[in-house]
Structures are given as structure tokens and as C-alpha cells.
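Read through the structures below before going on.
Look at the two complexes coming up: chain A is in both, with chain B in one and chain C in the other.
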Partner chain A sequence: MSRKEELLNLLKDKLRGKFLAGSSLEDKRLFIDIKKEALVETASLLMKEGARYQMGVGYEAKKNGQGLAMVHTFAFDADSLLVAIRALTTEDKPEFDSLTPFIPGAGWSEREYIDLLGLHFKNHPNPKRLVLSDDWPEGIYPLRQDVPYDLMPPSAEEVAFRLDEAPPGSSIIPFGPFHACLHEPAHFAVYVDGEEIKGCEYRGFMVHRGIEKLAATELTYNEIPFVAERICGICGSVHSVNYAQAVEAASGLKIPRRAEFIRTIMLEIERLHSHLMWLGVAGHLIGFDTVFMQAWRIREKIMWLAESLTGNRKTYGMVIVGGVRRDIDLTKADLIKKTLSEVEKDMLALEKAIIKDKAIHRRTKGVGYLSREKAVEWNLVGPVARARGLDMDARRDHRYAAYDEVKFDVVVADSSDVWGTLVVRIKEIYEAIKIIHQCLGKLASELQGSPLAIEIEGSIPAGQQGLSVVEAPRGEAVHYVLTGDDNRPERWRVRAPTYPNLQAVPDMLLNNKLADFPIIVGSIDPCISCTDRVAVIDRKTAADRILSRQELEKLSREVRSKT
Partner chain B sequence: MKVVAVFVNLIYFLLLAPFLEGVMRKLTAWIQSRKGPPLYQPYLDLLKLLGKENLNSGGNWAFRLAPILSFSSMLAAIALIPLTGQANILAHSSDLMTLIYFLTLSGFCLLVGALGSGNPFAAVGASREMMTTVMLEPVLAMLLILGTVRIGSFSLSAAVSGVAVSRGVSYFLMLVVYLLALQAFAARQPFDIAEAEVEILEGPYMEYSGPNYALLRYTLNLKRMFYAWLLVSCFLSFILPANFLFSLLLQTVLIIVVFILISLIGATHPRFRIDQALKYYALLLILALIAVGLAVKGW
Partner chain C sequence: MWLWNKIKQLAIPSRTGVVTLRYPYKPRPAPAGFRGQPVWDHTKCIGCAGCASNCPARTIFLRDICQEIRILLYDSSRCTYCGRCADLCPEKAITMSENFELATDNRQDITQTIELFMMTCQRCGRCYDLEIKNALDKLQMLGYRYDSLEVRKVIRQSTPELEPEHLEKTATYRRPEKLEKSSCGKD
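Let's turn to the complex of A and B:
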């Protein structure tokens, strides 16, 4: 009996009448419907079985007259299994039991839907506003279906987020929303006693763009990959591949093998780019600008390579539902090989300089320490988790694209600090190069002349669930798709790796020095736009109108004709 | 002639200091595989800043006056020094304590301005600067006292020329201490802790703009050049020729060499944390004390 059947039987057995349905189109997925009273019981059963909490997805299932739904997804990494449990509640009593008391990592997922759907979570320890801007009026829940995607409530002037009081004896140093060590807007109110950090409160979600709502109201299945790619400027392919995989899973589409290899190559090129960029930023954050410049010099080669392959230095635009748009032929493969050998050579030299530098050891070893147990508790992912001895990697644990056919090592360190994340990321650069070489070999030999994409035949039936993970450079990214009518998903939820990792940052900061704040926050490689990706067009500024493309073109022509 | 020497001091420092920053920026750029700005860029930066608006974001006189006071204290300190070993007219009314006093005053004014700005990052920067000053000024004092001990006079030219009078154990120990402290005196990596851009956004300088910021930058340039000059004229005075012009020329070359050293160390080290730096300074202080002790014994 497979692990999946075991779990299914266990839940059926324990929940009895509260178990409604269990379905799984796919091999490695399990979608379960339960009564809402059983939410806590089910979740704790799964956690006891060794699950790792991933994310919550809330949506309004009004179309089917079902009220409001909450999905929680869990991963069983050792068994390559993803489990989603779904419960429904009625609109007049939109309440669920909170999972946060025993899964701290669920805190944000639940707070998000307090804001966006007007749900209540009984026993949530900190039901503060998370996503919506400070002046968003009470009682408008942007993800509800009767709220239009372009709703703009009037902005209010004299409202501010109520930050918690600093603990006695400490003062607040505000990091953000704009600060040299943060590359995107986010606010950390850091409590310091002298130079020592005594805690911090995070207020983020300042750059959400309403992408999910847009996808559910305006876009179609085939348009979304290009919007998904723009969720993040660094791991764009991660999101477009991830979305495409979720839709393909929901519709039972099997894409050509060659496309899967090309996707893998692009994902690994993206990882190379991302890790080199991080390395540079990390150098900058500890005041070591030579590392910054050298790492970015190497990174530049990757960007040139990407431009020759896709036409863009970043945001490749390669992925569509059903496959990829461009081929990697033999000339391009040669170019990749040439670039990679240069990158590898440069990287070895840089690594030698970094690994041996005692001064870097002093600034990173023991800094931002978070124990392995805490890392499990916060469901950390990616290099941040692997630096804490957690041997997990979605590429190996939940094989997707062509990762089932390539050999690579999952790099793990056990120092549980910033140094660990540095080592893991540097080593992963070589693993990525290894993977790309293997993929190129396959493309050149067995997969010559195979098609790049296939069309979806007919329309995708509504109400199907798809769940996909991709190991982004920063960790596991999760996409959930619930298919809908009108050629678009009813709900598409993105959870970027920074989402869980950022929640653990206050714990990492505790009792460190103020001077280490930048590198500790930097060690998770925070991607704020990915994390803030949610809900509704939210223009805080006074700008009341956005020019349409036609208007912009008209204006630019006028200017040109004048000069 | 002795009156003219004061102006020579000032003009020499004011003209050369920005150029040395240019050297530093160019070299750092080369190490980082960049082209880097032209050597005269710092002059343009200062000119540009002088043409901009002063924002009085601190809203009080302390914040407004601090830069000019800091700058003029620095100039006062420079006016006193025996540029090529020759005492100038101010030597009659000053000694090494006057020099240390003006140097400290310059740094102190920067602190007052930082605290006057009311910015929390500037305050953190100021507290770091303060700790640094408390630990480093004594090292400077020890160096000059070493010279004083040798010659037996409190005059500045005696203190400066006295260091290398006899080159025994104490001379070499002090040289090591000074070289180790050089980077901290120059406030370059790994000791640019009080400014630390990514942590506290240039700290004390954060709220300054326009001419006031230009003055503070100029002060920093002068300060760096002063410590480079001190290294050359304390420890290498015996190789400087007697002719004033040749001496000045050789001194300039040596100062540029010191700046090359500062750039190299700066570009190859990450920043220290203040707690790590303080431990380092404490070690330097102890070594400097030992050097003075040895000098008293005549070693």
C-alpha cells in the first residue's frame, strides 16, 4: 500500500463523518475535502505523520453556492507527496479554527484571508492586518467576487499602521520602507538596546499588485504565464513554470519531454543568476564591495547568455501552458557550454577568496543563528533550511520537469547561520552547472526534433485542483490552481519561498548586533514583491489614473513630433 | 618665512586631499574590475555640493554650525604641523596637546551635528564614532608622547621628529601599531563602522546636504591625509632631504603610497562590527603603551 493510500485510509478512519471526499488525478497529489469542524484535527493528524506545512489558500466559491473555502496544503517530502485539505464555510458565519497555535508558519496564510476574504480564525494569536494598506476601508474584502478588480477606495490621510510597543529599555530603529540594505519596500521596526537587537516587528505587503485577482477576473490560461513571470524579477521562470505545471496537472496535460528539459535548463540558468546576485549583495551588506563587484561581473555573463537564448537578460518569457516557446539548438547549446565553463572558472577563483577569508568568517559565522528545530517549526525552505541541516529540495523530493533524469547533490550545511547559507548557495552554483550540462547532453542526443509544445484540446473542465512546486533559488515555491469557467482559473494562489522564510526573520535577529541586521535579513535572500504578490490593485499614492497604452503611445508621438 | 609656512601647510593639504580620495577611488575600482571615476572627480563632487542647497533638517544651530566648526578645527590642526620638519610661527604658542585638542574638537563637532540632526541612524553612527574616538585618540597621543620622551620637549616638531631619532624596539613596535591603526584613523574598511552605508546609511553624515556636506567630506579627506602625513613624517623623517621643495615632493609621493596601501586594505576587507573593532583597538592601545614604556627605558 502506497503512502498516499495509507494517509487516505487513516484520515477516513479517524474523521469518519467529517471526511467528505478524497480525489487525486495525479500520482503524487492528494486533495481532500473535509467538514470545517475537522480542520484542526486533520491538520494535526497530518503534522503528526511528518508533514511540512506549505500554505493556505482562501477563495470564494460563490458561483457554486458553496460560500467561502479555505485550503491548507502540506508536503510529505520523503514520500514525494503533496496533500491539500479543503473546508467550506458559509458567508453569514465565515469562521474557521486557526492552525497557527500549533503551526506558527500558518500565521500569515490565515491573516491574509482575514484581510482579503473577511474570514475569521478562532484562536489566532495575532490577527493583525497583514496585506491591505493602512487606509483600506473596513468591510471591503478584495478577493470576494462582488468586488471588482479595479476598485479604488478613496485614500485616507491620517491612518497609520499601529506598530507594537517596543519592550521596556529598548528603542526602535526603523529599517524601511526604504533603506539601503533593503532592495524592495518593507518595514522592520527593530527594537535595540544599545547595539543589540531585542526583537522586531515586520510590516510588509507594500508592493502587492493584485495579480491573483487579475488572473481570476481578466486574464486567460495562456496569458497568465507571462504575468506570473513578472511576479519576481529574479525567479520569473520559477513562477511561470510553476503556474504552467499546476494548470497542466489540473487538466491532465502531458507536455513534450524536450520542453521539460528546456524548462529545466532555464530554471538552472536562473538559479545561477540568482545565487551570483545574492553573493554580490551579501558582500555589499557586510561592507565588502569587492565581492559585490566580482560576483556581479560573473553574473553579467549569465545575463548575456540569457539574452542570446531568449531575447531578454531576465524575464525570459519562455514558458507557456503545454510547453516552451523557443528551442535550444546545437549552436545555442555550444554558447551555453562556453559561458558555463567561463563562469565555473571565475567562480572557483572567487570561492577560494571567500571561503578562506577570516574576516568574512567573523561577520557570518554564528550570525543569525536559528536552530534546526526552529527551522522545522517555521517550515523554512531552500538554502535557509538547508543551511540548518534540513535535507530538503523540491527538485529531488517532488520531481518535476526533467529533474527525474539528472543527477545532482542536494547541498546541506549544519552551521545554522549566515555562513551556512553562503556555503550552500556557492556549492549550488556548481550543481546547477552540472545539471545544465546533463540536460544539454540529453537535448543533443535523444530528444532531437521533438515538438516544443502541445495545445490543450477542448476546454479545461472547471473545478479541478492542481498543485505544483518548483525549487526556486530561494527555496520551494508553491502554486495552487483551481480551474474555472471562461477559460481562466477560478483561483490561482502563489506562495513564494520568502513567505515562510521571512516569518522566521524576527527569531533569527534576536540577540544579534544591529550591524548584523542587513546580512541576516539578506541571508534569506528576501524577495518582497514575490511575497507581497497578493490581491487587489492598491495604489497608495494620490495618482488617480493610470495611462492606457494608447494614451502613452499618443503622448510619446506628440513629444517626438515636437522635437 | 615662518608666517608663510602656515599658509603653505593649509594650501598643500587643501589642494592635495581631494586628489588622494581620487587615487583611492580609482584603485578600489581597479581591484573591483571597474573603470572608476577620473582622479579629479572628488574636486568636482565638492564643487557640485557647494552649489547645492543646505537643508537644515535638524532644525537647530548645533546641526547647522557643526560642519563649519569641524572643518575649521581640522584646518587649525593642520596649520600647526611642521610640514617638512620645520616649525612654523604657531609653534611658539602650541604644543602637541594643542594638536590633539583640535583633532578631537573636529571629531566632536561632527558628533554634535549628528546628535543635533535627531536622526536615529545618525545617533547610532555618533555613538560608534564616540567609542572609536575614545579608543583611538590615545593611540595617537602615545605616538607623539614617544617622540616627546625621546627629545624631552613638548613642542610639536620635537614630538614628530623625535619618533625616528633612534630606531630601536619601541620605534618598530610603534610603527606596527600605527600601520594597524591606519585604516581606523582613515575610517576606511574594515573600520568605516560609523558610516556603514548599508547598516546606518552613512550615520553622522546622513542628514547633511549641499555645502555643509561638502565641508564634512572635505574634513574627512583632510583627516585621512593628515594621518598619512603623520605616518610619513614621524616614521620616515630620516629619509626626507633637507631641501624644502625636494622634501615636500618626496613626502607627497610617500603620502600617495600610504593611500595606495589604505585602498588595498579597504578593498579586500569586509566591515568589522563595532564590538569586534573595539577589541582590536584595545589591543592596539596596549601595544602603544608598551612601546612608550620601552622608549622611556631607552630601547
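Let's turn to the complex of A and C:
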């Protein structure tokens, strides 16, 4: 009996009448419908079986009796199995039991739907506003279907996010939304006692663009990959591949093998550029700009390579549902090989030159320590988790695209600090080069002349669920697609790797020096745009504000008129 | 050890030399296959609206200003240069050029407008019958689109024939100057 059947039988057995249905199109996925009373019971059963919490998806169910639905997804990494449990509630009493008391990593997923769908979560320890701006009016839930995608409520003055009280004896230092040490808008209220960080509160989601809502109301299946790619300026290809995989899984589409190899190559090229970029940024954050300059010099070759392969430095635009758009022929393959050998040589030289430099060691070793147990508790993913001894990698655990045919090592470190993430990322650069070489070999030898994409025949049936994971440079990205009518998904949910990792940052900061704040936040390679993709309009920030906007405008005008 | 690392760090830049390009002074041509500014070839375009219907960024607009003339407007200010239009064009009338220096303070500089004469075949000069099967039917041209060229908004509706109120809406349309003398004059 496979693990999937085992789980299915276990749940049927324990839940009895509360179990409604279990289905799956693929053998690595399991979609379960349960009654909402059984949500906590099911989740704790799955957690006891060794699951890792991934994300929550809330949506307004059109068909299933005009209610609101909540999906929680779990990963069984050892069995390459993904499980999604779905429960429905009625619109007049939109309440679920919260999973956060025993799965802290579910905290944000639930807070998101308090804001966006008006759900209530019983026993949620911290049901504060997460996604919507402070001046967003009460009672308007952007993901509800009666709210148009371009709704712009008037902005309000004198509303501020209520930050928690600082612990006694400490004072607050605000970082952001715009701060020299942050590369994207986010607000951290850091509690310090002298130089030591005693805690922190995060207020983010300032760069919402409402992409999920847009996809559910305006775009069509094959337009979304190009918008998905723009979720992130760094790991765009991850999101377009992930979305396409989720749709293909939901509709049972089998794409050509050559397309899978090309997708793999592009994902690895993206990992190369992303890790090199992180290395540069990390060097810059600890004041070691030689690393910054050299890493970005090496990275530029990758950017030019991508430009000749796809037609653009960064937004590759290679992926459509059903395959890829451009081929990698033999001349292009030679170009890749040439560039990669240069990059490998340069990278080895750079690694040798910096790896024993005391400046790096002193700024990273023991900094941002988070124990392995905590990492499991927060469901950390990617290099941040691998630096804490967690041997997990979606490329190996949940094989997708062409990763089942390539050999590579999953790099794990056990120092549990920023140094570990640095080592993991540097070593992954060489692994990525290894993977690309293997893919090119396969493309040249076996898959000549195979088509690049298949046409979608007829329309994709509505109401099917698809779940896909891709190991982004920052960790595992998860996409959930529920197919709908009108040639567009009814719900498309994106969970970027920064989403779980960022939730653990307050714990990483604890008892560190304030000067290490930038590199600790930087060590998870935070991608705020990825994380903040859902709501409807951008916000006026009002955290810890003393002046109102009018006052500030008045003041600035007065100053200007004097000069 | 530390000093040895510093020496190695010094050696890297001296070995690589200057890598910065003298870009604005010395042009850097884009590689083959670059996705730059899309260019419409009005002699090839048949007005099927394939590009407009599949543009993820909704930057291509169409409107029939009268029974015979269809206007296609491409507003580059929101274009993401994905090249989907060029992929899908059945007549290969759109090419992604190598032009990427598109910064301008005037939106009109990067806007392209084509006026298409829809009843007579542009290439052979013969009129074709709209009633019987023709190329446009095969491309499932369902009717007319009345996108608002002024506010650059896609209006997703189509009607089988021109209504008087739709004609009224188009009254403010100004003919593009460049194409005044082109072949698609009326009747």
C-alpha cells in the first residue's frame, strides 16, 4: 500500500462522517474535502504523520454552495506527496478553527484571509491586520467576488497600524518602510536594549499589486504566465513555471519532455544569477564591497547569457501552459557551456579569495542563530532551512520538470547561522552548473526534434485542483490553482519562499547586535514583492507616525517657500 | 591567511581589468532574438485582432471607426515586451525589433497606430466577401471592437454591426497624420 492510500485510509478511519471526499489526478497529490469541524483534527493528524505545513488558500466558492472555502496544504517530503485539505463554511458565519496554536507557520496564511475574505479564525493568537493597508475600510474584502479588481476606496488620514508594546526596558528603533539597509519596502519595529535586539514586529505587504485577483477576474490561462513572471524581479521564471505546472496538473496535460528540460535549464540559470546576486548583496550588507563588485561582475555574464537565450536579461518569457516558447539549439547550447565554464572559473577564484577572510567570518558566524527545532516549527524552506541542517529540497523531494533525470547533491550545512546560508548558496552555484550541463547533454543526444509545446485541446474543465512546487533560489515556492470557467482559473494562489522564512525573522534577530540586523534580514534573501502579491491597492504607510500627511505637506511647503 | 586572502582579492580585479562598457558613447547592439520594441508591418496586418486579444498587458487596442476602417493602436507605455503578439500573429506582421532605447517624455513617440481598410484586400486590391468563408472568418473575427483609444482601455464587447451610439463615441477620433496618404483611403 502506498503512502497516499495509507493516509487516505487513516483519515477516513479517524474522521468517519466528517470525511467528505478524497481525490487526485496525479499519484503524488492528494486532495481531501472535509467538514469544517474536523479541520484541526485532520491537520494535527497529518502533522503527527510527519507533514510540513505549506500554506493556506482561501477563496469564495462559486459552485460549492455559495460559501467560503479554506484549503491548507501539507508536504510529506520523504514520500514526495502533497496533501491539500479543504473545508467550506457559510457566508453568514464565516468561521474556521485556527491551526496557528499548534502550527505557528500557519499564522500569516490565516491572517491573510481575515483581511481578504473576512474569515474568522477561532483561537488565533494574533489576528492583526496583515495584508491590507491601514486605511482600508472595514467590511470590504477584496477577494470576494462582488468586489471589482480595480476598486480604490478613498484614502483616510489619521489611521495608523497599532504596533505591539515594546517589552519593558527596551526601546523601539523603526526600520523602513524605506531604509538604507532594506532593499524593498517593509517595516520592522525592532526592540532594543542598548545594542541588543530583544524582539521585533514586522509590518509588510506594502507592495501589493493584486495579481491573484487580477488573474481571477481579467486574465486568461495563457496570459497569466507572463504576469506571474513579474511577481518577482529575480525568480520570475520560478513563478511562471510553477503556475504552468499547477494548471497542467489540474487539467491532466502532459507536456513534451524537451520543454521540461528547457524549463529546468532556465530555472537553474535563474538560480545562478540569484545566488550570485545574493552573495553580492550580502557582501555589501556587511560592508565588504569587493564581494559585491566581483559577484555582480560574474553575474553579468549570466544576465547576458539569458538575454541571448530568451530575448531578455531577466523576464525570460519562456513558459506557456503546455510547454515553452523558445528552443535551446546546439549553437545556444555551446554558448551556455562557454559561459558556464567562465562563470565556474571566476566563481572558484572568488570563493578562494574570500572564504577565509576574517571579515566575513566575524560578521556571519553565530549571527542570526536559529536552532534546527525552531526551523522545523516555522516551516523554513530553502537555503535558510538547509543551513540549519534540514535536508530538504523540492527538486529532489517533489521531482518536477526534468529533475528526475539529473544528478545533483543537496547542500546542507549545520551552523544554523548566516554563515551557513552563505556556504549553502555558494555550493549550490556549482550544483546548478552541474545540472545545466546534464540537461544540455540530454537535449543534444535524445530529445532532438521533439516539439516545444502542445496545444490545449478544448477548454480546461472547471473545478479541478492543481498543486505544484518549485525550488526557487530562496526555497520552495508553492502554487495552487483551482480551474474555473471563462478560460481563467477561479483561484490561483502563490506562496513565495520568503513567506514562511520572513515569519521566523523575529526569532533569528533575538539577542543579536543591532548592527547585524541588515545581514540577518538579508540572509533569508527576502523578496518582498513575491511575498506581498495579493491585495488590491498600494498603501500609504503610517507606522509610528507623528505627523499627518497634511501636516507634513504644510511643513514641507513652508520650508520650501523660505528657501 | 587573512593577508593571503586580501592579496588574492587584489589579484582578481587586476586580472580581469575594466569590464564596464562605455555604453551610451559606444552602442551595445542587442543579441539576435532580443525582445525589443514590437513593430507592426501595416502591409501584412489583416486586422484579425489576435495580438490585441492575447496581450497580457492589454496594450493593443482596436476600434472600427466606420464599416471599412479599423484602427489598431499600440501603446508601448505599459508594454512588458513579452513578444506574445509577435508569436501569435498569423501573418508575421509583428517583429520584436532590437530597439530598446525607448525612454521618452512623450507617450506619442512610442505609440503606433495603423489604420486598416477592412473590406478590400490590401495585397491583391480585390474586395472579398464578408458573407462567405474568408480568412477573417477562419480567425474567428466575431465582430467589432470599440476599445477606447482615448483612455487606452480595452472594452470587451463585440456587436455584429455598427450601432449609431458607437459611431458617436468614435467622433473624437483624429486620423493619424502619417498614414493620411496611405493606401487605405475610403472607397
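By definition in this document, the second predicted complex is superposed on the first by the 532 of 563 C-alpha atoms of A that agree within 3 Å, B and C clash if a C-alpha of one lies under 4 Å from a C-alpha of the other, contacts with A are read in each partner's own complex, and residues count from 1 in each chain.
Basically, contacts are C-beta pairs under 8 Å (C-beta built on N, C-alpha and C of every residue); 3 or more make two chains touch, one makes a residue touch a chain.
What you see is a predicted model, and the numbers here were worked out from it, not measured in a lab.
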Task: Consider chain A as the common anchor and indicate whether chain B and chain C clash or fit when overlaid.
output: fit
Message: Touch test for A:Lys407: chain B only (first), chain C only (second), both, or neither?
response: neither
Message: Going by the contact rule set out at the top, does A:Arg297 touch chain B (first), chain C (second), both, or neither?
response: both
- prompt: After lining up the shared chain so the two structures overlap, which partner does A:Arg16 touch, if you call chain B first and chain C second: first, second, both or neither?
  reply: neither
Task: Report for A:Lys254: first if it touches chain B alone, second if chain C alone, otherwise both or neither.
output: neither
- prompt: Of the two partner chains, chain B (first) and chain C (second), which one does A:Pro174 touch, if any: first, second, both, or neither?
  reply: first
Message: On the A-aligned overlay, A:Lys48 touches which partner chain: chain B = first, chain C = second, or both, or neither?
response: neither
Field: Nearest-approach distance, in Å, of chain C Cα atoms to those of chain B in the combined model
entry: 5
Query: Of the residues on chain A, which ones does chain B touch that chain C also touches?
result: 290, 293-294, 297, 357
Task: Can you check the complex and tell me which residues of chain B touch chain A?
output: 28, 31-34, 120-121, 124, 189-190, 192-193, 196-201, 267-276
Statement: Within their complex, chain A touches chain B through residues 171-174, 179-181, 195, 283-294, 297, 357, 359-360, 362-363, 513-518
Field: chain C-facing residues of chain A, complex
entry: 219, 222-224, 226-227, 230, 290, 293-294, 297, 300, 304, 307-308, 310-312, 315, 317, 325-326, 349-350, 352-358
Query: Residues of chain C touching chain A in their complex?
result: 1-2, 4-6, 8-9, 11-13, 16, 19, 30-35, 54-57, 80-84, 87, 96
